[in-house]
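The same subunit A turns up in both complexes below, where it pairs with subunit B and then with subunit C.
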Partner chain A sequence: MNVIKFDIRSQICPATLLIALKEINSHSLQLEDGTVKLIFLTDNRDALTTIPESVANMGYSVNVTRKENFYSIEVCGGQQ
Partner chain B sequence: MIYEDENKRLTSENEELLRKYQASVRYIRDKVDQLLTVMGTSPLRQEELDDETLIGLDPIGIISNSFVHILRHLNRTNEKLKLANDEINAIFESAGMGILVIDRDMRVLEYNSMLREYFFDGASSFIGQPCYKLICQHDYPAGCPFVKIFKNGESVHCEEWLLHNRYFNVVGTPVMHDGSEVTGAVIVYMDITERIRAHEELKQSEERYRDLFENANDMIQCIKPDGSFLYVNRAWHEVLGYNDEKEPDLTIFDIIHPECHKCGSEFRSVVFGENPGRIETKLITHYGREIIVEGNISNIFEKDRFVGTRGIFRDITERKRIETERDKLIVELKEAFAKVKQLSGLLPICASCKKIRDDKGYWNQIESYIKEHSEAEFTHAICPACVKKLYPQYYDKLWEKEDK
Partner chain C sequence: MDDHYALIMGVCLVLGLFAGVAMYLSDFCIAGMFRDLFLLRRTVMLRYLALLVVSSMILFELARQMRLLTLYPFPLLYSPTPANLIGGFLFGTGMVLAGGCVVGTLYKMGSGSVLSATAFIGLIAGSGLYAEIHPFWASFAESTTFFRGKITIPQILGVDPLVPILAASVFGLYFIRLWSRDRKLVRLSYAKGYLQPWKAALLLSVIGLLSYAFIGMPLGVTSSYAKLSGYFGSIFFKEHIDGLAYFHALPLKYVQPFSGMRLEGGPGPVFDAISAIQFPLVAGIVLGSAASAAWLKEFNIHFGAPLRQYVSALSGGVIMGLASRMAPTCNIWHLCGGLPILAASSVLFLLGLFPGAWLGSLIFAGLVTKKGETIRMCLKEKEYVERN
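And then the complex of A and B:
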């Protein structure tokens, strides 16, 4: 599986969400067939709510993990 | 002059275009904010994205594409929900128990065919009517155990509930909205009437057999393969005198007479089911008395596994004593009869001297013959007639006065 990482630290919502949605839209086919996983690195706490909720509404799996000074939001295919 | 006019026109046109551009940007920002709010996030701030970046990023396009995914996902979810709903309906209708769905006011929202058969058979729809009127035939829900579901949000179980002359096990489960508010309840009625009746019949049958078991005059015992007792009846206790509580470790070997232990393998083969059938043996009571019992042993199997033997015995000690005495009496009678027989039949006796001729042809004095062929003994005396004849001088002294 191809992993694509986006470092959007220092960005704040809703720009963070828009960037994440843009990348998810452009990789939707690969996400659905399971060939790609997107990882967004963010330090914006609002994004921990807005991105996972939007991603879940779009039918993708999302997993948030806390790192040292930021968060990692993993998005991959698969219906929830 | 011409340039000035042209400059003014262009400046005015530029201002108009700028105003239109700013209006378009405001429109885009408003729509983006509206869409972002729908997406569940905060509106855009000016400092976050300047107008040029806003146009370049195309947030409306991004969110519109996301909506396409969201709608597609919702459609898939709806299809799954529809399928799940169809499956639930199939289960609802085919369940072998009555299912009732009620709202907070205990009004009927839904019920399945089995519930209709239980309570509404032949009637029209009862949707929207209070269940306590339809099923319990009460005007108020007071006393209904399922009211508790709405008070504390917990399931309620009622066992052997009598409704419409039938028994039910009933389970009420709350329907929760957002995991906290109880909006309704699902009540499941399982008809256990046949089970209850079968249980009652079984209980009565068991009581009849227990009565027979406990009041039987014969001793009944069940022995496990290790020789311990599984159960014994009242007669067994009365005859043998052992107490289950005082002697919990009692085994068959403790009550078998030592003489019977000697026959070891033969005894085991009968008692432990290797050779079931009739048995006669000696037992020792709690008080040390020997008793003789006879009875039958049969095997007990559970799922083809040997689990013990069942024995039914009768105390035949008294009968045995009587039989022994009878046998002894018979022997004595036979002996006596044999002797009596020796003096029966035709005895040749001399008409004059009264001697008897024996089988060998010898003539015997009658006393010696009878003495030899019977238990009789002779003591000699002389009768008055013979005294008169043989010793007249004494006769006169002895009987003259009486004769006079």
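And then the complex of A and C:
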């Protein structure tokens, strides 16, 4: 599986969500056939609500883990 | 320093600390509430603003009935004028571009956001810019004022505030009950130490009430930004700053409820009642947020954002600072203070905020993403939801 990481820390609100949605949309085919996993690094607390919520609405699975002083949001294909 | 000033400063610092903690933990971003309505077609965060306004409305009226509010309406509220509407419009645009309103900028800056610090510099610059146009704008506001001598809608209608406040509260509570029943007030978040925004809304309404009862007015911060512009301006252009009429105005003149002391203050670069009230509040919000971020090990100073986002933050801050003086005052003052007592100027400010936030969202989308991309992104999510 190809893992693509996006460091989108310290972005202005709500650029974090917009960038994440843009990348999810542009990789939608690869996400759906399970050949790619997207990882977003963020320190935006609001994005920890909005990105998982949007990703779930789009039918992908999401996993959020805490790192040093930021968070990692993993988006994979497949229905939840 | 006078003991009364020390007491006021202590109270405001503590209130600011609590507000900063609540705002950071819940990410209570009022700019985001309006922006998401237009940019993402989401209304969820506006529910918390409605809860904050309705709970403040009920608390203020209860306190008034118990004779805890000696100043009603509170100082620095004026009769309505189109200036409120125009100021609200510009403020709405500015807060979206800045990525936060006048207090959102503070709590985000407290957590280490360099973009919010950039917006803060813009806020000070914009407040100073207003001083240049003050004679013209004050004259416009004065000549277009209507319902002279009347500040609130109950005053305009000539009725006791209890009846319209009760009607508005019942109307608001009806919707809040529906949202609560359908669990639309609870948000799922993966953020550590997340405070549900409905709890933050209730806490902020209590903080607003304490400020009103102890200090004599609800939360407000933007006159201190004008003061800072005066202080910084005096370093480089002392003669020019001294010559500007705006910095000699003393709009705040009132008797402080608990001390009985007569206080005065204005935007000029001198220590006065505005300094004693607003600087500790600003410091409290920043420190409360910084302490929360440090406690959660989330404090982080990071410069990684693209240049165009700094341009957005700075220009948004300038517009917001200018608008906060034109309106006059800011969203916190109007939405958490004026609206709960049905001040007509606050209603006009709110009406201006919506189209302003719409314009800001449009500009923001163009700055952050390619033209039209945002709409397509949102449609894709919406289409998926409808399809399934």
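What we mean here is this: the second predicted complex is superposed on the first by the 79 of 80 C-alpha atoms of A that agree within 3 Å, B and C clash if a C-alpha of one lies under 4 Å from a C-alpha of the other, contacts with A are read in each partner's own complex, and residues count from 1 in each chain.
The working rule: a residue touches a chain if its C-beta (ideal position, glycine included) is under 8 Å from a C-beta of that chain, and two chains touch if they have at least 3 such contacts.
Worth saying up front: this structure is predicted, and the values here are computed from it rather than measured.
> A:I12 contacts which: subunit B (first), subunit C (second), both, neither?
After superposition on chain A, A:I12 lies in contact with both partners, subunit B and subunit C.
> What is the contact status of A:N57 with respect to subunit B (first) and subunit C (second): first, second, both, or neither?
It touches subunit B and subunit C both.
> So in the superposed three-chain picture, is A:N69 touching just subunit B, just subunit C, both, or none of them (first/second/both/neither)?
It touches subunit C, and subunit B stays clear.
> After the superposition on A, what does A:D46 contact: first (subunit B), second (subunit C), both or neither?
Both: A:D46 reaches subunit B and subunit C.
> Contact-wise, after the overlay, does A:N25 reach subunit B, subunit C, both or neither (first, second, both, neither)?
both
> On subunit A, which partner's contacts cover more residues, subunit B's or subunit C's?
It is C that touches the greater number of subunit A residues.
> Kindly list the residues of subunit A that each of subunit B and subunit C touches, one partner per complex.
In subunit A, residues 12-15, 17-18, 21-22, 25, 46, 49-50, 53-54, 57-59 are touched by subunit B and also by subunit C.
> Over in the complex, which subunit A residues touch subunit B? Could you list them?
Touch residues, subunit A against subunit B: 12-15, 17-18, 21-22, 24-25, 28, 46, 49-50, 53-54, 57-59, 79.
> Show me the residue ranges of subunit A that touch subunit C in the complex, using the header's touch definition.
Residues of subunit A touching subunit C: 7, 9-15, 17-19, 21-22, 25, 43, 45-46, 48-50, 52-54, 57-59, 64, 66, 68-71, 73.
> What residues of subunit B sit close enough to touch subunit A in their complex?
Counting only subunit B, the residues touching subunit A are 36, 39-44, 48-49, 57, 59, 62-63, 65-66, 69-70, 72-74, 76-77.
> Would you tell me which residues of subunit C are touching subunit A in their complex?
Residues of subunit C touching subunit A: 24, 27, 29, 31-32, 35-36, 39-40, 99-100, 108, 113-115, 187-192, 194, 297-300, 302-305, 309, 312-313, 365, 368-369, 373-374, 376-378, 380-381, 384-385, 388.
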